[in-house]
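The next block holds one structure in the form of structure tokens; read it before the comments.
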Amino acid sequence: MSTNSKSAIEFRKVSYRPEGSAEILHDLDLRVHAGETLTLLGRSGSGKTTSLKLINNLVSPSSGDVIVEDHPTRTWDIIRLRRRIGYVIQDIGLFPHFTVERNITLIPRLEGWPVGRVQARLKELLSLVGLDPQLAPRYPRELSGGQRQRVGVARALAADPPILLMDEPFGALDPITRSDLQAEFAALQKRLRKTVVFVTHDVREALLLSDRIALMESGRLMALCTPKEFLHSSDPLVATYVRSAGADLDGCDRGEA
Amino acid sequence: MLFRFKADVARREGRRSATSLAIIILVLASLVACAPSHQNRIVIGSKNFTEQLILGEILAQHIESKTHIPVDRRFYLAGTFICQQGMLAGRIDMYPEYTGTALTAILKELPGNDPRQVYDRVKNEYAARFHFEVGPPLGFDDTFAIEIRGDDARRLHLQTISQAAAFSPKWRPGFGYEFMERPDGYKGLVSTYHLQFAEPPRIMDLGLLTRALKDKQVDLIAGNTTDGLIPAFDLAVLQDDQHYFPPYEAVPVVRDETLRLHPEVREALQDLAGKISDAEMRDLNYAVDGQHRDAKEVVANFLRSKGF
Amino acid sequence: MSVWHFMAQNRAEVFQLTLEHLWLVAISMLFAIVIGIPLGILITRWPALDKPILGSANIIQTIPSLALFGFLLPAPWFGERADRMAILALTVYSLLPLIRNTYVGIRGVDAAVVEAARGMGMTDRQMLLQVQLPLSLGVIIAGIRVATVISVGLATIAAAIGAGGLGELIFRGLAMVSDAVILAGAIPAALLALLADFGLGLLEKRLQRF
């Protein structure tokens, strides 16, 4: 498949410096194509999570513009913006006092969907993320870590947003659950083709799931390429990352489809 | 349709929290509705010294026997202010007060000298400001009494304070703290009668002053005219010939509301008008304080002796 | 006379005074809740205000209660009636636990939950009503519990300025030097405090499941 050349998200010379602190992002220029999965890869402090949060305006740029669907975030109604963007975070953040069903259907209900449509969507989502419908009336504390993150993903997808932001979503899970969810997510993305911006520090995860990888270091974009290009890059920084990921990476790259 | 479901979500999610808070608030509100009220009883209060307890008991027993309305006693209230608050809030319906105290402590006016004037002023103001009715005076005046030992009074032929002023430079005086502080107390006394003393006043607890006088630790004190120990210790009360001390006639004070509900109470109070003289009040005080007899019993005997 | 004998003989009065006591506590707690919880919510939204508001409530609490009643005597309108003063004093004394617990409760909600809620597009109001308040309810009720128990105790002192309640029996018993009368006031007051503590404690446990 080919990536659409229209940008869903664009960073134009974006800098971010919180009050009284050092600059976190410096002059970021980046385009995310509609329908692609772009990974922001880097160490802690590289600015990748901040960049993610600039997209749904949990953080505002100090200078420059973040353009989402042709409009700068500055000019968007923040609530409308966020409802068009699914948000999945590492600690998941399910509401402990809501059942699985209520957690997932939160946004559709807030948007005023008719009951029938909400119920139908719930069924659809549960099957999409691989959750047993019997779990719908349960509370998050009764679920395993993997189940909770599936709920988190279902919740993010509930209102069928065109954009999905994921901040190290599988980082808190055990390795087996993590690789299960990675595989399932990859399959899901093939079906849904949403615009996904994925943040991780795990090179293997980046190579597995991305259409393109954006390598960040100290608030700057250092490299932007496909997984294949990444693996064979001669850039010294990229090379250190590739080396750090260890042996046998050939199976990790995604083929051009 | 859309609106209903938005509200539905909010209501359901907030419902549990709202319900709990609502329950708390409802319980509180219903307790609030239990504000004090008493239609079929009369609550009589009194301050927390013996004379007041006796007066309260007199009012209570007489009203009970004459009108057959049950009486609740809330005695030992800590002072004039507390009693006034109780009356205003309707927690008590009646209590015995003194005209002078009503004038200065409650109405916050300057002390007066003419008993009739003071009584009328208090009666009118209480009716207008608080809707309280001031009943007829009970017959005695509990004002300040300048006391010396009976021996000295007889030996020096002293009957008035003015006469005593000639001898006071040889005497040690004793006064209570309140007397020293009050505008109608020490300062005015000394300037009105041109009194001089051998030394500055010893300041003591009221209860100890009388005994100190008897034991010759002091030679002149300011006590109360109705103190039961006066006859018991053979003390003499010097006449206030310059009418310096304001009148403190004992009167019953009643809420208008109570009289509206129970008009027969007014009659009962009329019965008691002028029935207790200074000397009789001293005897009653002595019976309870000095002889440690039960106040209820003392009062019952007294009322019987008056034909009630 | 034993305290039980006294209470049996004077049960109407003890009951009346208990109701007066409850009335004082109930109405001041009502005011404190209506003022304190919104203030607590306010300072989570405007952090610049948290020090002045928490600070003021703290200062009020350090004023000895009897002194606070005394300060109010010359106050216009309040100073004229003992129950007004008592209710004002009891209300402001209850503010600190309520403001502080609301503040701490809301701020104590899991940061991930708040971040997810914001990121998903919940408005501030939706987040407050559907997420933060329900999840902090246990802590808020704990604050109500503490404030109520304090109020029941404080209300006994209110009798000193003529506001009535069970304190009146205690003061009377002191003047009469009668243990029976003192206890006739102290025991019901203690029971009220225990009851409030227990009842609200149950409610708090139920709501702290999350």
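Labels for the chains are A, B and C, by order of writing; each one numbers its residues from 1.
Following the convention adopted for this analysis, a residue touches a chain if its C-beta (ideal position, glycine included) is under 8 Å from a C-beta of that chain, and two chains touch if they have at least 3 such contacts.
A quick note: this is a predicted structure, and the numbers were derived from the prediction, not measured.
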Chain located farthest away, centre of chain A as origin (C-alpha): B
Most contacted chain pair (by C-beta pair count): B-C
Geometric centre distance via CA averages, chain B-chain A, whole Å: 81
Chain centre separation in whole Å, for chain C relative to chain A (CA means): 48
Separation of mean Cα positions, chain C and chain B [Å, integer]: 34
Chain C residues counted as touching two or more neighbouring chains: 126, 134
Numbers and ranges of chain A residues touching at least 2 other chains: 97, 110
Sequence positions of chain B contacting 2 or more other chains: 9, 13
Residues of chain C touching chain A in the complex: 110-123, 126, 131, 134-135, 210
Touching residues on chain B, where the partner in the complex is chain C: 9-10, 13-14, 16-17, 20-21, 24-25, 27-29, 31-32, 34-36, 38, 48, 72, 74-78, 81-86, 88-89, 91
Residues on chain C engaged by chain B in the complex (per definition of touch): 12-13, 16, 19-20, 22-23, 25-27, 29-30, 33, 80-83, 126, 129-130, 133-134, 137, 141, 144, 160-164, 168, 171-172, 175-176, 200, 203, 207
Chain C-facing residues of chain A, complex: 56, 58, 78-83, 85-87, 89, 91-97, 106-107, 110, 152, 155-156, 165
